[in-house]
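For reference, the structures are reproduced in the following blocks.
Both complexes shown next keep subunit A, but they swap its partner, so subunit B is in the first and subunit C is in the second.
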Partner chain A sequence: MADLALTDVMKTYGRGQVALDRVSLDVQDREFVVIVGPSGCGKSTTLRVIAGIEEETSGDIRIGGAVVNDLCPGARDVAMVFQDYALYPHMTVAGNIGFGLRRRGMARAKVHERVKRVAEVLEITDLLDRRPAMLSGGQRQRVAMGRAMVRRPKVFLFDEPLSNLDARLRVSMRSEMRRLKEHMPTTTVYVTHDQTEAMTMADRVVVMNSGRIEQVGPPMEIYRHPANLFVAQFIGSPAMNLLDATLTETGAEIAGKTHIALSGARDVGRQIVLGFRPEAVRPADSGMPARVRTLEPIGQEIIVEFESAAGTRISSRLPPDTQLKAGENVHLTVDSACAHVFDPRTGAALDSSA
Partner chain B sequence: MTGRGTERLADLATYVIALVLIALFAAPLLWLVSLAIRTPAEVFLGAARFIPDQPTLANFEQILTDRTFGLYLWNGIKLCALGAMGALVVSVPAAYVFSRRSFRGASALMLGILTVQMVSPLVLLIPLYRYMERLGLLETHAAAAGVYMALGVPLSVWMLKASFDAIPKSLEQAAAVDGCSPAGTLFFVTLPLAAPGMASAFILNMLMGWSQFLVPFILLSRDQLQPISVAIFNFAGSTSASTTQLLAAACVITVLPAIAAFLALQRLIVSAIMAGAVKG
Partner chain C sequence: MTMSDTPVAAQKAPRRPKRARPAAWPWLAPALLMLGAFYLVPILDVLRLAFGDATLLRSVESYGLEGIQQTLSSPALPGVLWVTVVFTAASVIGILATGMLVALTVVRGEMRGLWGMSALRTVVLTAWVVPGIANGLIWQMLFSEAPFGALNSTLAVFGIAPVRWLSDPSNAMVSAAIANVWQGTAFAMIVFYAARKGLSQDLYAAAAIDGAGPFARFLFITLPQMRAAILVATVLVTIQTLNTFDVILALTGGGPGRATEVLSLFTFNTVFYNFDLSGGSALALILVLIALLLTVVYIRLLGDRPDQDK
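Entry: the complex of A and B
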């Protein structure tokens, strides 16, 4: 049990390729932090630097308050589940799970006991004598988790452990991960590019983009108050609608003369980007003129894509009984309490009194 | 003609060519076996009778109970094994570094190592003889095995590099996180996984050493030091018609270990131990 802190961690590869750009992050003891971000943004690199597999170019890493920069991976007391599982193919499942304990000099009988207990929790007891080659993807994933859990390390590091499983298995492993979290609360950094995983498992979410941390916060806070345009677009599906607009005395005016009321004082005439989630927009008797492009019924709701007069796509989540036809002309109204205002140049969120 | 038909024809052609090749290589071997199981009387019949009327194993018996033949066989095995072992010991670290570290000139060096393979030992024999003479190593097994080893290194480095390359780096990283030192990782993870590759390289070196003739012929002239290949040559030089069948039997016995080694090698190459290391 320990907290984890990264301070201004930089990582550059070869000819000055920046993989991590001044990453600072504090993870509390027993906190479950999920890092999300597009491919190549530095998620894996962050984990590898924490584990000591990759050496940081500058900055400090602390585990339990102690700087671990100069410690080798084995001495940092972290456990990692790799993106490709990395099970030792020449060892049985029991051998794989017990390897770390044996290498740390634990007695054979005690290792056996610990391996058995972990196998029970993960329900892989009957697989203990098999080799990894004889396991399914889901089973391999459990073995990889078992290998990390059995060590009872200070910090767990997970690198997209569910990314190669099929959709159904992923859902069940997700709930299993949550169960594990209750069962063995441990400081955890979990990497994924699946935002559903992030939203459902995280105590706090870290959104990364090209080597930098864009925002850190509890899942709903990130969803409700994205700090900038990148986070606004990355979190949420369908993505947040973004329209160019100009601030007026009472709100914002979108091209096409539609007016949206916003509360608070503002810089009249300032160019902004107005953002609103699909659930904050719906057809009404008056408002922004738009045409229905596509309808996607997904059971409990319909995702409708509109096209505004200016040609901008606007998506909306509507109740399943909505009566709309493709090509139909409608007016849209936006729930102004859910509108976000961003600076078009810096991308930063402006609070509504800006 | 249908695509299937063309395929059939191509298959047929493959078989025909394979059969011709087999015949080409098998004929001398079969001829050898035929001679080896003849009585001295039937040897005189030559090719007229391929399958002898009175096949006998007496020639093998005589060869195998011969003290000096055993010694030559042992010399041959000893030289091969020492050479192959030495080549492996030298090649493993080299191949590991080539596989796991990137450094300036790595690929040039790899190619350089391979060009050594292209130099015929014939060219080197005279200087080698002189060096060994200076070093006082003529007439020693160490010298001959050393040369076998040197000849085996280039191919071994290439083979072993390929088998190290096939081991995912994440396995070594997992071992490091699990608490292994770099040496521990090599010992517990990398080398066991490279074992089939190392065994292949070892056997291949054994085979190359087994068929080695010129090096021991030049470096070893004392009878009791000679490996089987040189001994058979000397024996053939002194042979009379009445011992042809014995010579043939000796040759057959000499070829057998090579065939066994080759079969073992094939099994190793086919076995896919890496399956299941990573997801997929």
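Entry: the complex of A and C
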């Protein structure tokens, strides 16, 4: 049990390529932090630097208060689950799970007992004599988790552990992970590109983009108050709608016609980007004129994509009984309480949305 | 084959009942012809000669077992076999070990982005393309016991007395093995390099996190994961070493005495110095049998594991 702290961690590759740009992050003891971001944003590199598989160019990494920069991976007392599981193909499941304990000099009998107990928790006892090639994807995933859990490390590191599983298995493994999290609360850094995993499992979410941390916060806070345009667009599916607008005395004006009321102080005439989530927009008798482009019924709701007069796409989540046809002209209204205002140049969220 | 297969084929493909299964032999014929003409016929001819009494100057006049018996009871043969065992074992172990060392060094250097790794690879490969005879001559110059001999004159700089590299029987064996290892390393290196490159880096990361140090990673990841490559390299290097005689011919000529006369060189000498074609053929057969036997042993030792990952 320990907390984890990154301070101004930089990682650059050969030709001045910056993989991590002053990443600072504090993870509390037993906290489950999910790092989410697009491919190449540095989330996996962050994990590998914490594990010690890759060396940071500068900055400090502390585990339980002690700087571990110069410790080799084995001495940091972390455990990692890899995307492709990285199970040792020539060892049995029991050998895989027990390898780390054996390397640390634990007696064979004791290792056997620990492995057995972990296998019971993960329900893989009957697989212990098999080799990884004989296991299904989900079973391999469990073995990889077992290999991490059996050591009772200070920090768990997960590198997209569910991304090689099919959709169904992923949902069940997600709840399984939550169960294990209750069973064995440990400081955890979990990397994924899947925002659903981030939202459902995290105590706190870290959104990364091109080597930098864009925002850190509890899942719903990130969803409700994105700090900038990147986070606004990355979190939420379908993505947040963004329109160019101008601030007026009482709100914002889109494309010179439609007015959306906003509360709070503002610089009149300032160019902004107005953002609102698909659930905050719906057809109405008056408002922004738009045409229905596509309808995607997905059971409990319909995702409708509109096109505004200016040609901007606007997506909306509507109840499943909505009567709309493609090509139909409608008016849209936006729930102004859910509107976000961003600076078009810096992308930062402006305070004017209440 | 076609008789029994036809109904099955018809059942499996009912929509195309008329299309017969294409015969395999036209496709195999080119390879069969080449292998037959250049491998099978000579081997059969060696078999025929071994049971005959041919010399280099006349063909077989009568067949019988005397020739083989005479060859097997040759007083030189036990010594030659022992020399072969020592030379082959030393060469195979040396080639595999240095090949592994160079391959792992190159891979590690490449991962660290060190300069000159492809140059190192190329230098090692150069040794491989040098013909055996030239290799023998090169090492003869290096080992030369004359005052200008490269190694001995270097040793002299440090005040070390000249070593009898080639004229001392046991040293000569070491020298021959060194020359062969120098040339053979490249092949093992290529095999091991390719195999090591194919291993997932995550396995090593996982092992490092599990607390395995560099030696433990080599022992528990590299060696078991490269089992197949090691098997292939061992078999091929062994066969190649058993067949090697050109290096030794140029380096020591089998001497001093018979200290470095391996079976392949003994065979060569029997045929081309003693003109005993049938005796040489019998020896060649022994060589083939030894190679086959060793291959079976290796496969038993290294290959018979059901855990190869698919």
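Here, the second predicted complex is superposed on the first by the 351 of 354 C-alpha atoms of A that agree within 3 Å, B and C clash if a C-alpha of one lies under 4 Å from a C-alpha of the other, contacts with A are read in each partner's own complex, and residues count from 1 in each chain.
Here is the rule we go by: a residue touches a chain if its C-beta (ideal position, glycine included) is under 8 Å from a C-beta of that chain, and two chains touch if they have at least 3 such contacts.
Computed from a predicted structure; not experimentally measured.
Undergrad: Subunit B versus subunit C on the shared subunit A, clash or fit?
TA: Aligned on subunit A, subunit B and subunit C clash with each other.
Undergrad: Once the structures are superposed on A, label A:Phe99 by its partner contacts, choosing first (subunit B), second (subunit C), both or neither.
TA: It touches subunit B and subunit C both.
Undergrad: Regarding the shared-chain residue A:Asp84, is it in contact with subunit B (first), subunit C (second), both, or neither?
TA: both
Undergrad: Using the touch definition from the top, say if A:Pro73 reaches subunit B (first), subunit C (second), both or neither.
TA: After superposition on chain A, A:Pro73 lies in contact with both partners, subunit B and subunit C.
Undergrad: Just to be sure I read the superposition right, which of the two partners does A:Ile53 touch: subunit B = first, subunit C = second, or both, or neither?
TA: After superposition on chain A, A:Ile53 lies in contact with both partners, subunit B and subunit C.
Undergrad: Name the contact category of A:Ala133: first (subunit B only), second (subunit C only), both, or neither.
TA: Both subunit B and subunit C are touched by A:Ala133.
Undergrad: Overlap the subunit B and subunit C contact sets on subunit A and report the shared residues.
TA: Common to the two interfaces on subunit A: residues 48, 51-53, 72-74, 78-80, 82, 84, 86-90, 99-100, 103-104, 131-133, 147, 151.
Undergrad: For a test of understanding, state which residues of subunit B touch subunit A in their complex under the given definition.
TA: The touching residues are 168, 170-171, 173-181, 184, 188-189, 192-193, 273-280.
Undergrad: Can you name the residues of subunit A that touch subunit B in the complex?
TA: Where subunit A meets subunit B, its residues are 48, 51-53, 72-74, 78-80, 82-90, 99-100, 103-104, 131-135, 137, 140-141, 147, 151, 164.
Undergrad: Going by the contact rule set out above, which residues of subunit A touch subunit C in the complex?
TA: Listed in rising order, the residues are 14, 48, 51-53, 72-76, 78-80, 82, 84, 86-90, 99-100, 103-104, 131-133, 147, 151.
Undergrad: Quick one: in the complex, what on subunit C touches subunit A?
TA: 113, 200, 202-203, 205-213, 216, 220-221, 224-225, 227, 307, 309-310
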